[in-house]
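The two complexes that follow have subunit A in common; it is paired with subunit B in the first and with subunit C in the second.
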Partner chain A sequence: MDRTSVISDLNPIFQDVLDLPDLRLEPGSNAQSVEGWDSLAHVNLVVAIEKHYRIKFALGELQTLKNVGEMADLIKKKLGKQ
Partner chain B sequence: MNEYRWADLALGKSARFDAVVTEDRMRQFAQLSGDVNPLHLDDEFARARGFPSRVAFGLLTSSFYSTLVGVYLPGRWALLHGLDIDFKALAFVGERLTIVGEIAHMSDAYRRIDLKASIVNSLGKTVSKATIRVGVHEP
Partner chain C sequence: MIDVRALPLEDLLRSRKRLLRELREQTSGGVPVRVAVLGGTTTNEVVDLLELLLVADGFVPSFYQSGYGRFYEDATFHVADVATFEPDLVYLHTHVTNISRFPSPDYDEAELEKRLSEELGRFQRIWQSIHTNVHCQIVQNNFEHPPFPLMGNLDSTAPGGHTRFVYELNRAFARHASAQRHLLIHDIHALAARVGLDRWFDWERWFSYKILTTPEASLALASSLASQVGALRGRARKCLILDLDNTLWGGVIGDDGVERLHIGNETALGEAYTAFQRYCLSLRDRGVLLAVCSKNDEAIARSGLAHPDSVLKAEHFSAFKANWDPKPDNIKQIASELNLGLDSFVFVDDNPAERALVRAQLPMVAVPEVGADVAQFRGAIQAGRYFEMAAVSKEDLGRAAAYQANRKRTAALSQFKEYGDYLDSLQMTGEIGPFRPVYLERIAQLINKTNQFNLTTRRYMLAEIEQIATDPRHITLYGRLVDVFGDNGVISVVIGRLEGQAVRVDLWIMSCRVLKRDMELAMLDALAQAAQAAGALELRGTYIPTSKNAMVADHYRSLGFEPDGSSWRLDLNGYSLRNRHIKVEGQWTEQALSAI
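Up next is the complex of A and B:
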């Protein structure tokens, strides 16, 4: 699974959690550029992604992420290890 | 009040307690919420609509999910993030309800648990089911 496929996969999760049916994620999308992506939404997103992929994040891994593209890379890496 | 910290929690950990839908709680909930629908406050009206008596406010019985989280599991360090509730049966004034919850998911990164919870009446009938999302914000 490449970065673009992961981002396509994440799109409906973000649409659902943020209640933004028209949202189109891009690699550079982040909490500043996406409406409603506040701290509680962020927790909801992380948990939804963990459940979707059956993976677990550590807090340290998430704190360094700058955007959706980097999140997709981290997911790719975790899926590769399974 | 329980004071479970993240390290004390595990998948499958559960809690339960009983609560009664008292007259006083019904009156106070009507006052608090402003919901003065006669189905909840007027026996005659409720019977005319085919119910045995006044129907308990759904959100009054669901308020016990708040108690479950804030007092029992995890208790003191809880912060409610969200909940989804499905009502399954009516509850009536005077009924004793049992509220149960069990940890179904744990997310270490932000210390968030999901509880599968339900409220059951004294006949064993499920009044509602809920998925509750709770942060554990210990100091």
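Up next is the complex of A and C:
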């Protein structure tokens, strides 16, 4: 699974959680550029992503991520280890 | 209508915003409820889920949330902000992690006692401050087990054990709540045990976002709270409708015969059905009505309940439908016989086709997915939290007997030519007077659950009623009715408010149990006299139509009020007493009245 296909997986999750049906995620999308991606929405996004992939992010793993592209890389890495 | 409770947690969390939007589009009106959440952790997730469930239950909720961990400060120093929000209830969402200091391992019993009263004192200050400054219902979490019992098994025994401390504190909370009606405990100790402590605490989220619980636990908290709010608003279900074959006993009585049924302690299967019958009977003992809805010939169905091992007997059922009509039709009949709305019922049937039919045709009826295994029935019913109680009232406990007496009254009616003769034969005695503390709980319950004989459908929380009861600008009346068949308890409530030279009737309700008994005339007599005693010259009333109260559309006209714009007025000059058939005792008796 490559970065682009993870991002296209993430797109409907972000659309649902943020209730933005027209949202299009880019590798560079981040909390500043995506409407409604505040700290509360972030918690919901993380839960939805964890449930979707049946993975669990370790403490601190998400803190250094700069954008959706890096998040996709981390998910890719975690899925590879399973 | 979306059944959010049937959705998996994953969908609830992921699609919450859309679900909320769609539910709001589908429901109009709804009962407003204002909840102030004072938390010891980040409360947003629980509040988000609670909002969704309350909207699904027909409420229009609004929330106030304290800053993270600021429950104590918000409840005490900044209580004015909470009061400004005017909440119907304040929810103290605290966890075991919010206990300020646990005992040290070397504590003895006396030191434990001291620490206990300090910790309890902290929460008492919170409750007192809210009670004094906000005057509303308080819902307080008790504490779940400590996540890390450092002494192992001894932790629950030693005076320095954290587990022991939680037990003692929970016990103290229970004592306080049981003595104060405005304080209700939300039992997260039981909730966490049910979820499982290892699936309750979420330490990653705790350190990252100060959310203490897993999403699963947050949903359990929200569901439990939603049913508690529902119970406070009189929305708990009131009647359990049961199928017979393979639900109350094993086998099909019409085919197998009564002697071949599985019931009683001879076999494992029989024992399971007996246990389920016992559970139903216990529900009846605490106020839940039972009814039968079965595809059977009535005589054959009744012979099953006459089985010596059947714990449930025919007399335990407030309604009995055994015939070949579709079950939704029978359920509607039961609803009209018992004078209850369809949203008062829970329907239990082992047959998935019957469940699906009832669910599709009567969406207001709760139909738990009980499956076909009798061993699972009790758990499935419990999980629905249908019969949550906000208080134990005598009326609840005696409800089933009261319905039984009502059936006798209906039988008596057929023996009289004149309706007045029938009423006289009931030898009715009414007790009418201003609200008394001993009745406040019942009054609150009646106000919040009466939908049909309700002129304004105004709801009041217990704390609000307590205030009105002592306010000199309000006239409050309760009515209790006893007759030859039994005590109906408090069945009518009127709240009036002095408005210049008039008394404005804010609330007038009566239980449908006592319809057509002239109790409304007795209440009017009392109201008129109380109003005159307060110096008023007229009564003013309004009828606010809802989907359920068409029964009282003509209430004021039939009592002799005159239309006045959108409301009704009655001149009290020369008022003559209307009630002829009820002997009234209490403050507003005929003698007391003529003295005014």
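The rule we apply is simple: the second predicted complex is superposed on the first by the 82 of 82 C-alpha atoms of A that agree within 3 Å, B and C clash if a C-alpha of one lies under 4 Å from a C-alpha of the other, contacts with A are read in each partner's own complex, and residues count from 1 in each chain.
Note that contacts are C-beta pairs under 8 Å (C-beta built on N, C-alpha and C of every residue); 3 or more make two chains touch, one makes a residue touch a chain.
In this text, all values refer to a predicted model and were calculated from it rather than measured experimentally.
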{"item": "Subunit A residues touched by each partner, larger count belonging to subunit B or subunit C", "value": "C"}
{"item": "Partner chain(s) touched by A:Leu40 [first = subunit B, second = subunit C, both, neither]", "value": "both"}
{"item": "Touching partner for A:Val17 - first (subunit B), second (subunit C), both, neither", "value": "second"}
{"item": "Subunit B and subunit C footprints on subunit A, overlapping residues", "value": "40, 43-44, 47, 51, 56-59, 62"}
{"item": "Subunit C residues touching subunit A - in the complex, by the definition given at the top", "value": "9-10, 13-18, 21, 44-45, 48, 203-205, 207-209, 211, 215"}
{"item": "Complex contacts: residues of subunit B adjacent to subunit A", "value": "81-82, 105, 107-110, 112, 114, 133, 135"}
{"item": "For the subunit A and subunit B complex, residues of the former touching the latter", "value": "40, 42-44, 46-47, 50-51, 56-59, 61-62"}
{"item": "Touching residues (chain side subunit A, partner subunit C) in the complex", "value": "13, 16-19, 39-40, 43-44, 47-48, 51-52, 56-60, 62"}
